[in-house]
Amino acid sequence: MSILVSNFINGSVVESTSSRSADLFNPATGERRGQVQLSTAQEAEEVVQVAKNAQAAWQATPPLQRARVMFKFKQLLEENADALATLITEEHGKVHSDALGELTRGLEVVEFSCGIPHLLKGEHSLNVGREIDSYSMMQPVGVCVGITPFNFPVMVPLWMIPVSLACGNSFILKPSEKDPSAALVLAKLLKQAGLPDGVFNVVQGDKEVVDALLESPDVAAVSFVGSTPIAEAIYAKGSANGKRVQALGGAKNHLVVMPDADLDGAVNAIMGAAYGAAGERCMAISVAVAVGEETADRLVEKLKQKVEALRVGPGLGVTPENEMGPLVSEPHKNKVLDYIQSGVEQGAKLVVDGRNFNAGAPGYFVGGTLFDNVTEDMTIYKEEIFGPVLSVVRADDYQHAVNMINEHEFGNGTAIFTRDGDTARNFAEQIEIGMVGVNVPIPVPMAFHSFGGWKRSIFGPLNVHGNDGVRFYTRMKTVTARWPKGQRESEFVMPTMK
Amino acid sequence: MSILVSNFINGSVVESTSSRSADLFNPATGERRGQVQLSTAQEAEEVVQVAKNAQAAWQATPPLQRARVMFKFKQLLEENADALATLITEEHGKVHSDALGELTRGLEVVEFSCGIPHLLKGEHSLNVGREIDSYSMMQPVGVCVGITPFNFPVMVPLWMIPVSLACGNSFILKPSEKDPSAALVLAKLLKQAGLPDGVFNVVQGDKEVVDALLESPDVAAVSFVGSTPIAEAIYAKGSANGKRVQALGGAKNHLVVMPDADLDGAVNAIMGAAYGAAGERCMAISVAVAVGEETADRLVEKLKQKVEALRVGPGLGVTPENEMGPLVSEPHKNKVLDYIQSGVEQGAKLVVDGRNFNAGAPGYFVGGTLFDNVTEDMTIYKEEIFGPVLSVVRADDYQHAVNMINEHEFGNGTAIFTRDGDTARNFAEQIEIGMVGVNVPIPVPMAFHSFGGWKRSIFGPLNVHGNDGVRFYTRMKTVTARWPKGQRESEFVMPTMK
Amino acid sequence: MSILVSNFINGSVVESTSSRSADLFNPATGERRGQVQLSTAQEAEEVVQVAKNAQAAWQATPPLQRARVMFKFKQLLEENADALATLITEEHGKVHSDALGELTRGLEVVEFSCGIPHLLKGEHSLNVGREIDSYSMMQPVGVCVGITPFNFPVMVPLWMIPVSLACGNSFILKPSEKDPSAALVLAKLLKQAGLPDGVFNVVQGDKEVVDALLESPDVAAVSFVGSTPIAEAIYAKGSANGKRVQALGGAKNHLVVMPDADLDGAVNAIMGAAYGAAGERCMAISVAVAVGEETADRLVEKLKQKVEALRVGPGLGVTPENEMGPLVSEPHKNKVLDYIQSGVEQGAKLVVDGRNFNAGAPGYFVGGTLFDNVTEDMTIYKEEIFGPVLSVVRADDYQHAVNMINEHEFGNGTAIFTRDGDTARNFAEQIEIGMVGVNVPIPVPMAFHSFGGWKRSIFGPLNVHGNDGVRFYTRMKTVTARWPKGQRESEFVMPTMK
Amino acid sequence: MSILVSNFINGSVVESTSSRSADLFNPATGERRGQVQLSTAQEAEEVVQVAKNAQAAWQATPPLQRARVMFKFKQLLEENADALATLITEEHGKVHSDALGELTRGLEVVEFSCGIPHLLKGEHSLNVGREIDSYSMMQPVGVCVGITPFNFPVMVPLWMIPVSLACGNSFILKPSEKDPSAALVLAKLLKQAGLPDGVFNVVQGDKEVVDALLESPDVAAVSFVGSTPIAEAIYAKGSANGKRVQALGGAKNHLVVMPDADLDGAVNAIMGAAYGAAGERCMAISVAVAVGEETADRLVEKLKQKVEALRVGPGLGVTPENEMGPLVSEPHKNKVLDYIQSGVEQGAKLVVDGRNFNAGAPGYFVGGTLFDNVTEDMTIYKEEIFGPVLSVVRADDYQHAVNMINEHEFGNGTAIFTRDGDTARNFAEQIEIGMVGVNVPIPVPMAFHSFGGWKRSIFGPLNVHGNDGVRFYTRMKTVTARWPKGQRESEFVMPTMK
């Protein structure tokens, strides 16, 4: 049975009139699931108008009532968690428990957004001058757009949607064309939770739709998560069109292993962080920096055993569950294989080779791959691979490790494994990275904090969700008020005036 | 069928071993419903130990998980709303829709407490000195006690419970002995929501139990709502025993009607605010201050018609629903009748006399009562009546109205009705009252703001719920940290040291 | 005596090697004061490197110490207030008391920045998971650039500089080439206050320097205030180069006069707001919207008398002080005259004609000018004139006035004059403008609030100064930490391990 | 020359009419400096009335203006630092550099209070219901009282005064009768800074004055720092009189030395923390807990050498400066000697005996004293000595150390010295102490954080200075506003209505 994934506009699934579409595959089997429509620029603009029209009434709905839609949405997400996670696995490939984990992290942002009456508070100053008061109101910006990547088809949209909606905006989601189905489930659950039609919409498509959204004068804000070149282009184009944009790009996350680290703990942490979701996470650890040769030797030995023992295969229907699923697509698999080849050619030591891995299934599988002796000039060090490939770099000492990370183009996440308070504190202060783990391999901030990297991993001053998310999705209005006297004193002298 | 209302301790309903009990009545019929046990001091102390023992594990449960118990509790309250409201009416007497309204206001505090991961955040300062950081943690205080009044058997407990629990405390509720049943429903729903046994407990009783709780060295915080003399005594005694106490007392809430007011709007507002719940609300309007004789004449005329037309009767089972139910008890009814008599004797003009009102039912009914020409020296002006008795005071001018309110003993709520921005702003700034309505008759702050009066309507610096509630139920701990150097630089020079 | 205004780099005044310069004039006399150097792109990049090098040590200086430089800077500004204000008048033309007022508003941001230890606090969450903590640190972004307009040569730089510096950044100011001298005074006072060399620098120049700064990879953040076309271009270019940018543009600020307004108060307010600083303020009132014909007739009559009586002339050396000085330059004067002519040609009623005004002085004077019957299609309505020209528009009713403002391209400031609370509240909520006055003609937010408009008056999500300013000048870093167990339990069992 | 220290009331030094007085001594010489008057209860009440009368105008002064008085006060304190510090030494005895340090810590609270316009902000919620807004205002409480101890005659008053004044309160300081002179200098500098007369007052005295202040109905808030029995009594009495009270009491601060600590660093830290100001600090370290016998042996050996080498003598006029001065009084010296004797008698090992120390000066000197093998049942362990006496307790392991601290009556400060992140984190979370140092011996929170202990070291929910201080000195008022419609729509239809 082939599916056709369409748009969700003004409260209903609506087929696009576009003649263009893209194929959808199940990455664990390589089978074609169906197609996703690639909408037209005109349709994108029509969705913007739908969203714009619906927004005014939603803005006028008190935050307390908007929050209650989010409370209900949370409940519905929980009730539909298994089905949603299954859908993620079918289109993305990650194993079921990982898909459930993704959903939970998204759900936490919904929970955060339930507090919007508190989070939206402005400031009130009595007597900024004598009998003059000033106060601020955080009002919605209008129509918001989210352009989201294939690797988290539920979590990344949920970083944006609940905060934006709770703030009183309408929202248009442009999901990845690789796994677009989950977006429609979110849309249906939001409607079921009581969200008025037109406030949340999904438009499927590719660059044509994205460009139309970035050019529409009625789009106020754009949130993007994806690769750095696209993030940069979207930030530039959206900004040139006068919009506020937050664009999150690529990453090359280093995990530093100090000689005093709990090595077994570090190895376990690295395994999940490097190979979970087949490395297709912007917070995946792709570089392990071993400080000192002895540390490196012990680390690589322990990793080797674990990587060779990784259970790789389909993300559904296998007991016990596999630890790692396939890559998302055939082209992406080939790209990862090319990276591995380049590593070999540029002189890295291939400790575990996942290229000819047999997952017992016909999908886009690459086995866990481990390089040692990777150096800072190699392509596999400099670029984001987004696959199950971990590079071990050997640092001379602590400062070498820090410098390496600070000089890298990206600044999303990093971690250090140590027992030493001074080392951890110095690392946290000095490292030029937005999200830092101390003995935590994937330091994704909680929903009530904010997600965001540094350097070329983010464009725009505000991070995603948490207080920053609320600030991004609101405009500040500051009122200064005084009142003319006379009425309360005089009116009883001349009561006939009224 | 006679009921016996007992305690809820460590996850179960537990009968008291006490020989003492109090009768429970249905105020709409005067029938005896059953009895509530009056527990012993020893039982109170045992509950404290239960709560103390359960608290440590609950504190160690991350705030995110504690919040999820609150999310579930909200859902259960909604599912059980009608039954809870019915129970309120059966024991308190207020009409069903008003009982549902009470529940909603309580529910909003549960919703607020769902945001506890955000609300509990401490502050973090990098480099208070060179390489010295400082940060604060808001930890639970331990065992908290709530002593709550008969007039809101669900809302007032819910002002306290969700915030206290979400902060990681355990809680002991001592409900009013007049309507103690709702407390047990709350206990069961909290358990059903996943709260561990012993974290929330109910102990029924009177002064013996209260004194025991105030004297127990293991009680850290006491929240009280009731009359001012009791509030003051509890504040003094709890404070003398080293506890933090917030004690909210009585009120005499004035509503000022300015000549420029929307008079019909003001009259409608006054009717609900003065006679809703038969005036048994700490935020009820019991004094209408008409500014100027002409305003007063028009106001009294309009009020007279409305008061005479009030539908008074049982709170359940009548269609259309009555607007006002009975008073809570026979003694309280007699007290209110005495106040009315004193008003007549001290020279106020009794415009509508509710004393011999026939509600067509045998309960504790007093009809809507309206006085005109009340003056500041009369008992009915100075004291809180807590019945359906509205006093109209005629003020010479705006300033007279302000002075009257500022000189009154109580400072809970007040309101002004005007169209004039200057009048409203001046009133809001100058009035010595904690909660102020501008064209809003009962300005109860939302759950995400804080409830609390001024003067002798509150004892203690912190209000209830909102940020103040979180502050009340937490202790601040401030950490200042630096680290000795050496490890990260030296350890590779002498690796044998490890 | 002709002056040569140069750069301030690394703690010293440094002459540019550029061959290019621009003439400086005293607008009250038309005399040439001297020249300002127009630095080269290479010099701009050199300043960036100076600022970058100085920043690291400044960042490492604890916020408490950085604040103390701001405390001292405040004191020095107060001691040098008269001299600075005189300099402003000599180059910009505004009258002395107005220059002092500008300084005070700038000084308030310095005062605000003295609280930086408090303002920089991050958030700390204990137990985001069991024994896992998370906290945020707000670290400086690095090198910041301010590009500031001629109309507030001290205030606008001080909106940016103290906040940026207090946050631990270094700063490069590119002042207007029309009045560049005050920037050097600020630089000297900052040095005198103890700011290390290189942390604050001034580079004089025009588009060449601006482009170089926008292209430098070592500039992290750009703040701009000026006209909308330039603001938009700078936002686009800076964003395309990956920087965070806040760019504030033009304005057309409407003041609505309701029929119930205190008309004399409104007229006085309009006079200062429309003609103060010769209308060269981004918060100047350039449109008075009279609601109803009667209101309009009375308003225009009263304004006419006041405008005709305006004391216009040099800003220094006249007693009593003039109310309005000259325009900033000859070309700008001509541009304003052209606007007046276009108003006449397009059918507006010229009530007071300031074109041939004789100020008794040879400078760039235009007298106070008043138009009536201006309509929304006229050039003088649509464009920002930045001169002493007030347009009265007659609105049919309140809603007409609101619509007019909401449909205008700009969204900086607005005001309404009314006594009616409902009107003011509705206006504040519904108006699509960032800064709103209620009976306050120029509602510039205080330093501890934030300055910023809506629509095409601002580009970027964050406003200037206040909390938004601190957020703009900082990068968030979020740390998530857990620790491996073993040390505290085990080390005494096997002390030889250490 | 004998001095007579009097009151400061309504802007002037005023001699008390009281016949009672107390002698003042120079503790470094034992010479009688003069006398301090002990005012009468009636004088106390008169001061309250002065403060009450002055408060209204001060409250009406915008926070921005009040802040500027604090800015000026800071400047004056800096200019008078040396004289003030000298005065501290002359009456208290601590060495000059320590007195300057005390002043700096107080000054930082003045700096914090300069940010009051920001700190006083209330919250503003648009649309808590449809077209209903709610906002809070933090208004001053009225007349505040500070009762302060001898050990910090400048710092502790400055914890309270600037915050209270900046919030718009008036303040009455009752200083210690042992060193009352500095209070008068503060009063004069505040006046010089522009504080209106009557807003700050000093009343000298003892229990008679304190009782009068606690009983005055016009005192709203009381801040106390002193010993626990007095703190408890003042909290109870003030609370019983309906006031808000924060009362800080005694301490017994433990410093835990882990086996992995930087021992030399720990020893240096302990020396300053135990013997600085002769141990007369509520944050002094009086117990060093060595974990493990080996740690204890090394610690005691190193401490012994340092304690024996302590330079003890007069706090002024000696070069190089002494490290430790005399105790504050003869009776206090005798009390400390008794404690040492009890330690010996109860079996502690007296490693260094300071009892017969010869400081080369006739004052109240006790030499540095060191006990080893102190156990939890000894008087010197259980009670606060407030002298230069350090007890070393030997803990079996980490958990023993934690339990010991958690079971102690007091909960002010503590510290741990370790390199291990896990140990520090566990300690910070588990310890029942309000202020925790990690490798910081005296973890006094900065002015922008809040000072306060746990358990019987504090009474009342709010700490001193920082946000808590602002909350303590303000009352919350919450306004809920809606407006009647009609005016803006109707008035132009029937313009004759106005």
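So that you can tell them apart, the chains are marked A, B, C and D in the order they are listed, and the count of residues begins at 1 in each.
As a working rule, contacts are C-beta pairs under 8 Å (C-beta built on N, C-alpha and C of every residue); 3 or more make two chains touch, one makes a residue touch a chain.
Computed from a predicted model, the values in this text were never measured in an experiment.
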{"item": "Third chains touching both chain D and chain A", "value": "B, C"}
{"item": "Between B-C and C-D, the pair joined by more C-beta contacts", "value": "C-D"}
{"item": "Centroid comparison with chain C (C-alpha atoms), farthest chain", "value": "B"}
{"item": "Geometric centre distance via CA averages, chain D-chain C, whole Å", "value": "42"}
{"item": "Inter-centroid spacing, chain D versus chain B (mean Cα positions, whole Å)", "value": "35"}
{"item": "Approximate Å spacing (C-alpha centroids) for the pair chain B, chain C", "value": "48"}
{"item": "Residue numbers of chain B (touch at least two other chains)", "value": "64, 117, 121, 123, 125-128, 136-137, 418-422, 424, 429, 438-439, 446, 448, 481, 483-484, 486-487, 498"}
{"item": "Footprint of chain B on chain D - complex, ascending", "value": "123, 125, 128, 132, 134, 136-137, 221, 232, 235-236, 239-240, 242, 244-245, 261-262, 265, 417, 419, 424, 428-429, 433-440, 443-446, 448-450, 452, 454, 456, 459-463, 468, 471-472, 475-484, 486-487"}
{"item": "Contact footprint of chain A on chain B as seen in their complex", "value": "64, 67-68, 71, 74-75, 108, 111-112, 114-115, 117-119, 121, 126-127, 131, 133, 258-260, 291-292, 294, 397-398, 418, 420-423, 425-426, 429, 446-448, 481, 483-489, 491-492, 495, 498"}
{"item": "In the complex with chain A, residue positions of chain D that touch it", "value": "60, 62-64, 117, 120-130, 135-139, 418-422, 424, 438-439, 498"}
